[in-house]
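After this come two complexes, each holding chain A, first together with chain B and then together with chain C.
On to the complex of A and B.
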């Protein structure tokens, strides 16, 4: 029987949650025996080869490209997990949500203290268009499981993956679920 | 004068209490934790947060206010009440702007700790993303209204413990805010960092400046033990 397939993706985030996936240390050898990786920054595959069993998304949704990626993941993943505070709740990227987008861009590109001789707000058709707010995943598509944390610890991710792959319920000891 | 003892049922267990105690006080004494946010041991009960709601003879009541009576049947640890509490905690998270990863109060925050206690993985309702003002005008204390859950602890502490009345509520419903007793801001009040009100906030809405992030991650109040652990410990140790 073919091994279950996993795909991962990062949106607006620091890549810390993917670092936390790698932080499972030598258990990654066990993981490699249990699953195969499809689309993921870990192997640099950028499109789905075929539909997968588990999709893992890190980061908030902040531009139109993220919305497309997220919808693509929802379409191609049987189970979709949001990992990390940016993906599942309010975090650093969503701090811009209480400031209008126009003011954010003007501060960054026109009026900021490091701007010399006036600036320009990037407006190339190849650059994804920013959304008005940064959204957690579940405000855009249905998410099946949430793993909070900044980042969730390697043990939290490992416990969740093992539970899903062996058909057990996701249960965590107190110290493994934290919002920071 | 001898105190009159009453007996009531809490989650099917007979609990002895002193007449005049609230259900929460009697439960605490018996080593049974009822989750709470706006309640504080040194303050009169506020009854604002509704987290401590229990069923008394089948009807909901705030356990921080409801007095024990002989023979009443109280439910606390039921699925219905746990779901209710998780919903209330979720609503607090979506009505404010709580950025746990970067907040000075993380690990010490009672709202966050109740999120862990109620096993909330994330708020499932859409965020409201309201616009709130930070008041950093005071040299030693600041108000970050993003984190305020309108529990009113600071209002009661300033009035009953400090004798100052620095804080009050303004507005109604979703527009309700914590405000200060001055023309413009906190810096104009007689608030001092040594006031009890300055350290009584259950979240990070009212913080003393230059004290954040001093306790390393892993050693903060709720890193190891869940909220209510100190109360439940009494029962375990008899």
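On to the complex of A and C.
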């Protein structure tokens, strides 16, 4: 039987959740025995080769490209997991949610204290168009599981993946899901 | 002007000995004069009291009767609770807006009138109702509003308006609270016993608290007596703020003497020399009468030193007015408020009987509990425990409102079935009853054969009936909004959880929900119930959860049999960005599933 396939992606985030995935240390060898990686920034595969079993997304949805990527993931992943506070509840990126987009851009690129000689709002075909707010994943597509944390620890991610892959009961010791 | 201002505030502060624990009274007096708190006023208070401004702002911002924005000379607070809405508050609101010429939340340009909404003001039996400054008006009809506003503009005495004649609305008197009484009889009977014997008698009677939690009163008094301390206090909780409750209003207007009698007996039993009645701000109109009754009792030797010539039994009572905050009904929040702070509940333990008011042992009891305690002194524990059921001795006052032909207060014996009660109040056609107010449960007709008692449907007293055609889900939403508004904000599950719950519930009401939302709400509700510090959070999910339990068909009818419904609107979300950049976004269609 072929090994299950995993795909991962980051949206608006700090990449910390992916670092936390790598933080499983030598267990990554075990993981490599259990699964194959498809689309992921870790191996730099940018499109789905095939539909996969598990998709893991870090970060919130803040531009038109993210919407497209997220929907592509939903279409191609049997199980979709949102990891980290940004994906689950928007966290830091959503600090802009209380300010209208235009004001935000003007403050950052036109009127901010570090702007010299006017400044311009970046605008290029290659730059995705920002959404009015940053959205959590589950408002855009169905998310099957959430792993909160900023970032979720390597053990949390490992326990969740092993449970999902082996069908065993998921166990989180209290320390793993205590956030304050 | 400003000097006058400072002088006035200084005088008020001095009247209360510049005691920070009396900040509530100081603010109330300053508020009575100016109507609101400017930064200048706050500064003067801070100076006069020698406390930081931020503490004063902290307190002011907590209570709805205090404003940091100018308000009109007359403030009209129209109650907007669920029952009031059912009885046409919206139409009355529109009539007020037309007659006054401003919207709710606004003040007329000449500074004469402010229109604002209030939570339940204890007048659900006479809804729609409002407070005009401190005067309650009830049974409002849109067509009366013009005359009322005219009277305000002409500076007439509002209390003389026909709508200001508050019906007592006592529909049924029972043997405990509303039986005839003579001032002093109960105290006299108690003083024939030792304090320990009084406590034993109360324990024997099986009296449990009427304020909602149902704690055995004798045990509470005993615990309070047994804590070593230089002082002890008795607090009478007359803050009733649970929407749909107004029984304490009727007790305070018809049986204040019995309440004071109960407090005096409690003082004797636990060894306290000082009692405080915390009266909700909405009932300030009763204050003068209550003070007069206290004075009469003093004259009769029923209060003061060596009461009824009992050597060394001294007891005094003062009345503290609140300033509009439901959470102040919670006993530890009430104590915080009494100490001059914002009314945020305390961590428990220690319980008030150990460390209450001023960190001294304090017995907090509901108005009705104290009446029952007094009556037990008069008639004996054996008599009392023959009334009601074995586990629920005595009578209970129920405040009945909503769809029924005879709203008002009923003193019933514990153990009455809901079905029998329905007939009594003229609610035979009810499709549901909310027993225990917003924090209680929504009961379906197939449970109408169950009883009102501690062992079955326990209630602090609010019973709201819903007749045919009522949209129950919308009313559950409105109850939940009440908790969102009244949460003190200390616990995240209560502060944030209730809002999240409401958001999910909106999806259900609007037909955008799947089974996932139902499951989410159940889980969230459980978290809020178990992770919140006080009773508010612990019961806030009840309207939604109990309606899910008892009216599953209402939910089945509106949820969609699909896997997922997103809330995201791509076109709307991307429009601002597209406009700023002048570009066409990646089409949502391409990515659509």
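The criterion applied here is as follows: the second predicted complex is superposed on the first by the 174 of 180 C-alpha atoms of A that agree within 3 Å, B and C clash if a C-alpha of one lies under 4 Å from a C-alpha of the other, contacts with A are read in each partner's own complex, and residues count from 1 in each chain.
Basically, contacts are C-beta pairs under 8 Å (C-beta built on N, C-alpha and C of every residue); 3 or more make two chains touch, one makes a residue touch a chain.
Not measured: the values here are computed from a predicted model.
Undergrad: Should chain B and chain C be called a clash or a fit once both complexes are overlaid on chain A?
TA: They clash: once the shared chain is superposed, the two partners overlap in space.
Undergrad: Determine, under the contact definition given at the top, whether A:108 touches first (chain B), second (chain C), both, or neither.
TA: Neither partner.
Undergrad: A:162 in the overlay: touching chain B, chain C, both, or neither? Say first, second, both or neither.
TA: neither
Undergrad: Let me test your reading of the model: by the given contact rule, A:141 touches which partner, first (chain B), second (chain C), both or neither?
TA: After superposing on A, A:141 lies in contact with chain C but is clear of chain B.
Undergrad: Given the touch rule stated above, what does A:92 touch, chain B (first), chain C (second), both, or neither?
TA: Touch partner of A:92: chain B, not chain C.
Undergrad: Go through the superposed model and pick first if A:79 touches only chain B, second if only chain C, both, or neither.
TA: After superposing on A, A:79 lies clear of both chain B and chain C.
Undergrad: Regarding the shared-chain residue A:150, is it in contact with chain B (first), chain C (second), both, or neither?
TA: first
Undergrad: Using the touch definition from the top, say if A:63 reaches chain B (first), chain C (second), both or neither.
TA: Once the two structures are laid over each other on A, A:63 reaches chain C alone.
Undergrad: Determine, under the contact definition given at the top, whether A:123 touches first (chain B), second (chain C), both, or neither.
TA: So A:123 only meets chain C here.
Undergrad: So, does A:174 touch the first partner chain B, the second partner chain C, both, or neither?
TA: A:174 sits against chain B, while chain C stays out of touch.
Undergrad: After superposing on chain A, check 489-497, 507-515, 561-569 or 579-587 and name the one in chain C that bumps into chain B.
TA: Here chain C runs into chain B along 489-497, and the other listed stretches stay clear.
Undergrad: Where on chain A do the contacts with chain B and the contacts with chain C coincide?
TA: 133, 139
Undergrad: So in the complex, the part of chain A that touches chain C is made up of which residues?
TA: Spelled out, the residues of chain A in touch with chain C are 61, 63-65, 67-68, 71-72, 74-75, 100-102, 105, 121, 123, 125, 128-133, 135, 139-142.
Undergrad: Would you tell me which residues of chain A are touching chain B in their complex?
TA: Within the complex, chain A touches chain B at residues 82, 85, 88-92, 94-95, 97-98, 133, 136, 138-139, 145-148, 150, 174-175, 177-180.
Undergrad: Hey, which residues of chain B end up touching chain A in the complex?
TA: Within the complex, chain B touches chain A at residues 93, 97-103, 106-107, 112, 115-116, 119, 121-124, 126-127, 129-132, 146, 217, 223-226.
Undergrad: List the residues on chain C that touch chain A in their complex, please.
TA: Spelled out, the residues of chain C in touch with chain A are 563-564, 566-568, 570, 572-578, 580-583, 585-586, 588, 590-593.
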